[in-house]
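As structure tokens, here come the structures.
Next come two complexes built around chain A: one with chain B, the other with chain C.
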Partner chain A sequence: MSTQDIRERIDAFPTHRIGPYRVRAGRPFPYGATPVPGGVNFSVYSDGADTMSLVLFERGATQPSAELEFPPEFRTGSVYAMTVFGLDAENLEYGFRADGPFDPERGDRFDAGKVLSDPYARLISGRAVWGREPDWDNVYHYRAQVLNDDFDWGGDRPLRIPAEDLVIYETHVRGFTRHPSSKVSAPGTYAGMREKIPYLQELGVNCLELLPVFEFDELDNPRTDPVTGERLYNYWGYNTVSFFAPKAGYAATGPFGMQADEFKSLVKELHKAGIEVILDVVFNHTAEGNEQGPTISFRGLDNATYYMLTPRGEYYNFSGTGNTVNCNHPVVRDFVLSCLRHWVAEYHIDGFRFDLAAILDRAPDGTPLPNPPLLEQLAHDPILRHTKLIAEAWDAAGLYQVGNFPNYGRWSEWNGKYRDTVRRFVKGEPGLVGELATRMAGSPDLYQGRTSSASVNFITAHDGFSLADLVSYNDKHNEANGENNNDGANDNNSWNCGEEGPSASSHIRRLRVRQMKNLLTILLTSQGIPMILAGDEVGRTQLGNNNTYCQDNELSWFDWGLVEAHAELLRFVTLLIAFRHAHPVLRSSDHPTGTDRVGSGYPDVSWHGVRAWAPDWADHGRVLAMMRCGRHAKGGSVDDDHVYVAVNAHWEAHDLELPALPHGQRWHLFADTGAAVHPPGAEPELQHPGRYHLGPHSAVVLVGRAAHQTSA
Partner chain B sequence: MTVKVSSQVLAGATVVALEGEINSTTSGGLQSQLLSFIGRGSVVLIDLTGISYISSAGLRTLLIVHRHAQQWDAEITLVGLSEEVSFVMSATGFLDFFRIAEDLDAELERAGR
Partner chain C sequence: MSFDVRLRINDKVATIELTGELDASTAREFHDTVGQAAGAGAVELVIRAERLGYLSSAGLRSLVFARQKMGDEVRIAIVGASEPVARTIRLAGFDHSIDLVDA
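And then the complex of A and B:
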């Protein structure tokens, strides 16, 4: 690599020699390995170490080629920094060896027998091909490498789509194209996903939320399928090994160390297509597990800093996975912040969804903090200023903060209450009409004083039933996960429509399709940010498994054959998304108030039942209709049509009386989940202007606009 | 280890044929050799038929040469990409920056017109 242009710097020359290596005192910032003129700068933090060495390997070598102990004068505070000259960065793997006390009761777990991975590594090798069995005797598994952060982005930058205009599509890099039916050139990779961008564009989603892409080890699951005996994986990847490195096994070019370029190229192309990228990030725990877990990095560098420890030095387990990251320790806050800045600045990531985010507001002893410094810092950080921040606002130790996650006017939440209410209403449970109305209006009960995009609305997510399974199974069927069906949630609010699993009855199958459409209709006409689980638009099944974290197979993969097989459902969803994009009245950032704020003669939202203006809030009620007045769209700043959405969760049909429209306007039929759907703008006028016959378990969406008009 | 470089001028274009592997050890030397073919308005065809592998550092070298060429209003075209080189360049986004030609003769004819 040529560095001649900037060789003029006087720090481009070594001052010391360690064995055959020429070195000089390095720069403490940035942490990690950074190419500098003539060499590579290495910097690592450890508060309790007595000595620290840089361990160098030739790429793929089992034994180190050199160990360079940091001279005392290369240490500033608790940071060891050294520039090493003349390295072939491309063929280099490096780690650290930290020697210090092993005294678990005091929190110290130094182990000079281990080569530690750099927590700031930008590139990791060692698991470059998904699922390939490694040499388990290797002294160093997750091998840090030097990355040239010089990707040519052209004019790209994060898109900054207003949050309320997003339609999020949650998917898994490998699962999206791994199925042979995907027909992409590199199945299961970033490059493969890039080839499916036209599909996403046609579907109309404008934000991709990716399950974890930080380097993890898919082989850290010891279980096997009890029937087939096949290996089970950590397929989802909620067990981070390295927070700054994109998963190499998701890159077709991972074996060449080009995963960063490949992922960046995917982001750049998605942006060109108008699609944002949100990463699902896991800062609540690491892959080091509990006392029995492997020492990979943090444990051997500064155990007591990075993990929440009991007074006796044991790991707190608020994450349910063995350890808990000590997020509000100043050093760890700095780590999390640097990491997120890295993904925004270097990868142009548009937002983050924080797994078990309630842990991020716990103090080092586990107490929830009213004003957690980490969350405040992320909310106000200059680099993250326009980045979407979404919390999974609960953790595995009982802290449930949906509606009261510390938000600083910035954070959104996965609205678990939205999911539960909509599921229960649509399956036909009584007593939910009022709560459904609240959820469709953006859950102002939970998010008063915040914008309606505080609520990420969803029916299904990676964790739980797929949409098709939600209407096909009453109970979970997780036997293949090897835990006697004890894993996964039991509260699914699902209804199988009359038969558990696949059904030969055409009545049941039609009902299931209608129920899927009902659920999606509510989702895409509710205020807040809708999130769709990939594959739900084509009725993807997991055969009743509601916890496929370990299933790297057809249970999890997107079967592209369904695009044909469920073309009608796909068309419905595509038009529904287009309808949402066409109607700003569904996407206001303020919660509706139920009053007329613009003098249109109609409230911004009004509720109806079988009779217009007479919602049935009673316990036995199973019909709800919502009308949005288009003059109120986006706070009255744009003019839209009236939109009327009615949902009938009853097993009987109902004749709905429609609210009257302003003079000269008529109701037009966009979609009936039991009948037709029309392209937005080309909806036919209702034959009967004041009534609509809505079938059992059905939903209808109408637009009110001037008569005889064929386009919006 | 070096990349073997041979050049000839054909139909007003400089055809530079490379042979070997472009990686971190060979790319430094290759870069200065390639830059020597670039002058104002020059037309350069880099023939990669004899290249079996281009590493991350190698791809960066090609892009640096391309950026220099842009500064000089010179035109660089890559020809003879193997399937693997082409795939790696495509997956990592490098392919998007270059003019790519399938066939050297057809490209020379185009350059000669």
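And then the complex of A and C:
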């Protein structure tokens, strides 16, 4: 069989000429700029524009080198498509100019004075170095570029780790290695993060959840630190400028336009290390803000399509940031779907966490939909079929859907109720024993009929106190954010253990370490997917700031000096993660029922108090013990040990009566948060087989198996 | 410094010597040379970069092109790249498919 040289194809020849440029009618799909034989195909949607032009720049030039108006015959429906031949794609930056009515009441905000960024741009230049002041007079800031798909993936593909086996680690690309103590060759970048993969492997996490990496502008925060006068940033990045482009300022090679390659290399190496990558994605709003915000792309291309507007043409603000993306408009649905497919197909991304996801089920007029088409589409999309989908199931306008987010059997949720219950129990609040049991069992009250991996369990996340601060501060201390401490959540369910902030008291410091261990012990022995906030394993503090979205400094950065300073805590967390991986009984996908389904003589889960088989559900109760029967692990398909977890949130010690094990088995001590922790498999047998003395504010994890040589 | 590219093939080992700046304007010449090396059935490609002053993004892309043009079986080594050039190659992650060798 002979093959045809693609340059010989008839569609690789121009039919028209615009000035010196040879062009032909383009293909409407895919949208954006696509290299084709001999040229580049450009395609853009606008329903309301009267005319559309392609604006071409030489790389870095302040003024365009050409503007090519799309001839009427190059328009199909509301899509303008043109192939331009002979372009030097490497040195090209492009945008669009849309002319049309400016009639805000009808939703139109066309502005022919603006060069608009391509919503489908796969590469953005103009902000290649983090924090560098741009030329604010430049007519075009976020400059679309053409991307080549020539990355060498080798045999890589998404890992498809079963959701219930994940241990998620939430972190920020820049913050993870920006601190000088990271000692990486390119601090604060994808490449820097790649150098820290051995640390992640040693810790034992198998999924990295990255705060936004879609191109955003860290300089779009107008505030300054009220004390130092220094600039504050949009550090977290929840203000997307360009949804298909990886943030160039996170790439050491950004100035070379190599950010896509650098990020792909990170993903590829993480996969080699057995670590999945989940991206935190922000489809609820864009960086264009409200009526006062900049016109970057969507507003100028088709404001009424992309944004939810009131009958008077004002922006609905369900996101709390000025605008709300019109996610259930068919065109926008298509945009979101294409975007996610792009990240899965082109970047081998394993999953997504959707910021303020409740907005995704609102109709164009803001009403929550019972069967939102976007969510259904994402759940059943063929490209996303095995991709993890995680919802932050609330929004900023009061829609709270934890437990009832439309899930189609596919979606998981950040379980905010888990976070609140565990925090409140461990700090010593009464009346929570029953709810804690429910949360540790995978929150079957919220997720009945779904797998237990519907629940992403977490104690801390980027938004809120770090773990060390949760046990060191009663109140937030956000003065450095420049809003008189009015920003950030007030209901933190935190307890400072007796003194606000750093303490010289060894009693308080020991109690804090124990409390951190108690919280993590519950997290990593609960059913559901545990998520750890980066740095919590080494006691990272933000000095009581619970909203560091704007702090590009030591408040946010991972201080690698803590790895040595808090080596004991790190060892505890590392062994705890290893323990979870070693015990499938903690990772069943079905919720436990409290019954014996395999004939082991024990229920899959049983609850205990100071006395075995007698949990104290009363209001004053502050002790809860959970026993998991290993014969029920993974629905009885694998055999595991018994695991017993007891938490004492009381300020007094208790002598616990332990449930009896099957004949020939003994309890072994894996961890006591007030005493020792042992490597899984090498736990010493308890001296007293039937009792355990658990100190105040402490937790213990025991493993029941055949008698061992050593004793504790 | 003007750009120059030279190809030698000895015993199925192709050696490309680069002088000057590899960027968008010179990448084509480099691509053609890589094509010649591939066409000659080279089993190893050595890119001598001691006299390569600058590597632009287009130049970096050329290395991707070389990898794909030569195929997975062919070892590609870059010899004597200056530290800025080697660093950029490493940060982009290309050092996993192309060997960086000191001169």
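Assorted remarks:
Please note the rule applied: the second predicted complex is superposed on the first by the 703 of 712 C-alpha atoms of A that agree within 3 Å, B and C clash if a C-alpha of one lies under 4 Å from a C-alpha of the other, contacts with A are read in each partner's own complex, and residues count from 1 in each chain.
The rule we apply is simple: a contact is a pair of C-beta atoms (placed from the backbone, for glycine too) under 8 Å apart; a residue touches a chain by one contact, two chains touch by 3 or more.
Bear in mind the structure is a predicted one, so any value in this text is a computation, not a measurement.
Once the two complexes are overlaid on the shared chain, A:Ile349 sits clear of chain B and of chain C alike. Of the two partner chains, chain B and chain C are each touched by A:Lys264. Once the two complexes are overlaid on the shared chain, A:Ala186 sits against chain B and chain C alike. In the overlay built on the shared chain, the residue A:Ala144 is in contact with neither chain B nor chain C. In the superposition on the C-alpha atoms of chain A, the part of chain A touched by chain B in one complex and by chain C in the other spans residues 88, 90-91, 148, 150-152, 185-186, 189, 191, 194, 251-253, 256-258, 261-262, 264-265, 268-269.
Those residues of chain C that touch chain A in the shared complex are 24, 27, 56-58, 60-61, 64-65, 67-68, 87-88, 90-94, 96-97. Of all residues in chain A, only 1-2, 88-91, 148, 150-152, 185-186, 189-191, 194, 251-253, 256-258, 261-262, 264-265, 268-269 touch chain B in the complex they form. Only residues 88, 90-91, 148, 150-152, 154, 185-186, 189, 191, 194, 251-253, 256-258, 261-262, 264-266, 268-269 of chain A touch chain C when the two sit together in their complex.
By the touch criterion given at the top, residues 23-25, 27-28, 31-32, 55-57, 59-61, 63-64, 87-88, 90-94, 97 of chain B touch chain A in their complex.
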